[in-house]
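Below is one structure. I have some questions about it.
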Amino acid sequence: MKETFDVAIIGAGPAGISAACTLADAGIKTIVIERGEYPGAKNVSGGVLYGHNLAEILPDYTERKCPIERNIVEMRIWYLSKEAGYSIGYRDSIFTGDRKYNAFTVGRAKFDRWFAEQAHKKGALVVPSTTVADLLRDGNGTVTGVVTSRVDGEVRARVTLLANGINSPLAAVTGYRAEPKPEQIALAVKETIELPAEVIEQRFGVSAGNGVTTEILGEMTGGMSGVAVIYTNRDTLSLSIGANLAELAKNKLKPYDMIESFKQHPMVAPLIADGQPREYIAHWLAEGGYDAMPKLYGDGYLIAGDSAMLFNALHREGNNLAMASGKMAAETIIEALNKNDCSRRGLSAYGERMAESFVIKDMKKYRRFGSFLYQHNELYTQLPRLASFAAREMLTVNGVSKKQKQKLIMKEIRSKTSLFKLLRLLWRGWRSVK
Amino acid sequence: MHIVCCVKQVPDTTQVKIDPETNTLIRAGVESICNPYDLVAVEAAVQLVERYTGRVTVISMGPPQAESALRECLSIGANEAILLSDRAFAGADTLATSYTLSQAITKINAAEPVDLIICGKQAIDGDTAQTGPGIATWMGYTQLTYVSEIIGIENGNITVRREIEGGCEVIQGRLPAMLTAELELASIRYATLPELIRALRYEVKVWGAKDINAAPEKLGLKGSPTSVREIFAPPVRGGGISFDAKEKKEQAVEDFLGALFTKEKTLMEEILIKASYAQE
Amino acid sequence: MPKNSKGREVAEVVPGKCIGCQLCIGECPTNVITMEDGVAVIEAEGCIGCGKCVDVCPVEGAILFEKQRKKKAPKAAVACPIEEYKGVAVFIEVQNGRGAEVSWELMGKARELAQKLDTRVFGFLPGYNIKSVAKEAIAYGCDIVYTLDDPLLETYLSKVYGKALAHLCQQVKPDILLLGATPLGRDVSSVVATQLGTGLTADCTGLDIDPECRLLMMTRPTFGGSIMATILCRNHRPQMSTVRPRVMKLPEKDMQRRGEIKKLGFEAARDSLPQVLEFIPRTAEAGEVDITRAPVLVVVGKGACDSKSLPMLEELAHLLGGTIACSRAVIEAGLLPYPRQVGQTGKTVAPKIYIGVGVSGAVQHLVGIQGSDKIIAINTDSQAPLMQIADYAIVGDYQQVVPRLIEGIKVRTEKEASKG
């Protein structure tokens, strides 16, 4: 194709579209290439976004009719054994007032489509149903655009932004990012369950339009490093459970069976009772953390979002890292184009921006958290069992004195592990996120 | 040559169903697509223009979202696209729809004479196959439905192959004509990147009732003789007798045959007699 | 009860009920209804609570509390009864010089409708040299056959036939006109309806008379067969409907029946008409049969989509004097050719016995087999939709069940033979 662009963005997800909006606002000629039939088509519905991040890109996102499912007013954390569990939660009325839309759920298929429309309105060209097969390079190895699978499908661009997610055949072809190792990836399965909005509101004790997120650790991953979540959408619940790919492979476990047994758990089953499954999908999560990140930029290109393995496994934040990185990439590109230097050096400000931002700071803070989870499988086996045992004994009224019960519990704990081991685990856990 | 194609945006029907208990519609993840027969019509038109030179204009009646169906047509080579969108058009049955489309074609024709209209044989959401013939009748054009091949155009005549009961016919008619397309008429191309980009950038013209000089009483709900009285889930046949051949295979099949030949005695006798004749 | 800031009671869209038909949009006098995500949204502030959207909504997807309490007025009364239109007419299609079977099927239905309306059945028969067809029409239940006998009508041309039928409608003024949904019937029906400016409902699977308003209730599958809709044509005549072959039962032929044949005159422009240059009959491919005519169908589904099993299933079909058909999945797998496909996108069938082997029974398939006399299903999954509706459901592996069936039927055939 003869036409050239200033910027070619691969992928119309949160990272790519954030960049496209920022670039289009600056009047830069931008093309976004998306392999799905429409942005969001290849995506998994059900996700949490943060108002702060979205406002950085689109300050007027509510006026633009952002398809928000529910405003999150409470975050819950559960720690589960097979048939029991602990629950703590935090609810704050400020989240319905001054800090409304601090966090909210969206259906990604709908949200991505809407988000891409905003970029289109700002002047970016979003091309769906088109797969990028390769990068164009000049003699010096500088990226000069992309090759799509369509006829006459070369797109020349001064800068290329790779924002095509974790599962990228392009990475393998071009080698811009090492293939993630199985232990750096979680395979998550997600199911959406349809329920009337009023039933969801009743079961979670929220008023219309508000919702709850629940993040879950414990035995339901069958001893594997992993997390489950339950998000409330308008008239669906998103259930997701994921485990480390390496461990799944080793244990020959099927993610589908994992979510089926998760749905039977006594704390989960009543929430989804009488619901109709609507979608089921599996996807990858980049859990490798800071150490799995590729080089973020090079001659003529930058990488943002999941594609750069930006994901905070502890706080389940991926979308906001994607959006923030997309925006920073765009800001860097604007400067580079102005200086007319799109080489590695000209784009190096991206690394600096990222390093100063919460994105890299958080990635660094939690850099050892992934491996901590991965190495301490007692977190998903012995510990939830012991914790449940303790609570069950303390709370059962059967004429035994509390003191006697404490002794019994300590005895059980010592027989399974040692206080020293527990303290060490706590220490390491704290260290990993310090 | 100037060809007009009429296209419709339809829901990807495979997932629409009714909950038999509550009688409400379940439209989980229903996407809108351009009716596949209509895309074939556009492809055929583009191929004709490549053969004889000319232009292809696509029109569609529908809500503003139907623009995406038009863009799909532009991406495979249509030159112009017009969306007929007006609240007055809502609720149209096939008569009002074909009237509205033919009014638009009349206007297009005034600016640049139309030689040929190509529509899809039918829309996958309604399967009525009425809009094309309706347009031909309103316009007074030669009507050639179920076209599986366009053999050629010469001296103001078009020769096509039509699929009809028991075979096909080769038929020649005067232009201007209205054709409806079978799927075999053309195989839809994969848009090139420059064409796709042109389609995405194209500004679709939107015409309302006034633009096409339409009589208000012939539009939309008012202009529709038919109306929906009710909708419901397809009737469910009551279940019959079940035989479990998993556990005791031989017995179950024997039990079944016993029941079949007792309960449907006459039917089975008739069938076996006929079968024996057929074999002899 | 929803009220807007002006204190006016406003209409509401019932979540999950709206089907996005947009009827309400055209009806709303204040233009406050828009479509969002495929469903109607009413802007409360602009709504005047007139309830027009509630009245027009086909699915009770819009509500207004006031209206709900009052209970809707019966829809019955037709604004202006169109009294001159009487009788049920059937377009008689001529195929190879004979009446198409679908026309006779419709004749049976027309008799039934005419009885309910206490009126007569007409046959509309344009063609050339069609006397014998007209006589047959009477044998199938026609009271008066109106013929247009003209050499111009020997081959079918949309414009000529459209004009002929429209002319018959104007002369005879039937209340109802039924046509077979053959390629020809579908082609001409729309021409006639457009010329007369009346309503036409295609591919009906059910026709009946509303006992109150005496209108024709035309029921058809829509959205690819997943939903049924009943459609009325209130203020225009004739009420036109097409019906696919094999949907209605063929009535008994009675050569003793009496009826009238009336020949009408017909004039049509003969110039600049299309010319049929050639007719190429569809050559029967090797092994191609018409599955719609087989008394017994053994239908192969996804669960039995295996070329090794075909001979066994063919044997079963053969034993019962039937043939093999299949569901869409089997076509897609390339195991059988398209003419063998049953269902919404394939053929509508109505065999005496339908035997589904490994057919799960998606709605699209089920609408195509509704007319079957007896349905037998073999499937390992007892919960499959076809198993739920089958007259006889055999739960088990067809590889084991079918050979035993063949064995059992052979034994019975021999018994039958020795008896006779």
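Letters A, B and C mark the chains in the order given here, with residues in each chain numbered from 1 onward.
By definition in this document, a contact is a pair of C-beta atoms (placed from the backbone, for glycine too) under 8 Å apart; a residue touches a chain by one contact, two chains touch by 3 or more.
In this text, all values refer to a predicted model and were calculated from it rather than measured experimentally.
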Chain at maximum distance from chain A, centres defined as averaged CA atoms: C
Selected pair, greater C-beta contact count between B-C and A-B: B-C
Computed distance of Cα centres, chain C from chain A, in Å: 50
Whole-Å separation of chain centres (CA-atom averages), chain A against chain B: 42
Rounded Å distance, chain B centre to chain C centre (Cα mean): 16
Overlap residues in chain B, where contacts from two or more other chains coincide: none
Shared interface positions of chain A, touching two or more other chains: none
Two or more partner chains touched - positions in chain C: none
Chain A residues within the chain B interface of the complex: 1-3, 31, 37, 109, 125-127, 129-130, 148, 150-155, 194, 278-279
Chain C-touching residues of chain B, taken from the complex the two chains share: 11, 13-14, 16-18, 22-25, 27, 30, 63, 65, 87-91, 93-95, 98, 124-134, 136-138, 142-146, 159, 163-174, 220-222, 224-246, 249-250, 252-254, 256-257, 259-261, 264, 267-279
Touching residues (chain side chain C, partner chain B) in the complex: 16-23, 25-27, 31, 35, 38, 56, 58-59, 75, 95-96, 100, 156, 158-159, 162, 182-184, 186-187, 189-191, 193-195, 197-203, 217-218, 221-236, 272-282, 295-296, 318-322, 352-353, 363, 366-367, 370, 373-376, 380, 382, 387-397, 400-401, 404-405, 408-409, 412-413, 416-417, 420
Partner chain A, residues of chain B touching it in the complex: 28-29, 31, 190-194, 196-197, 200-201
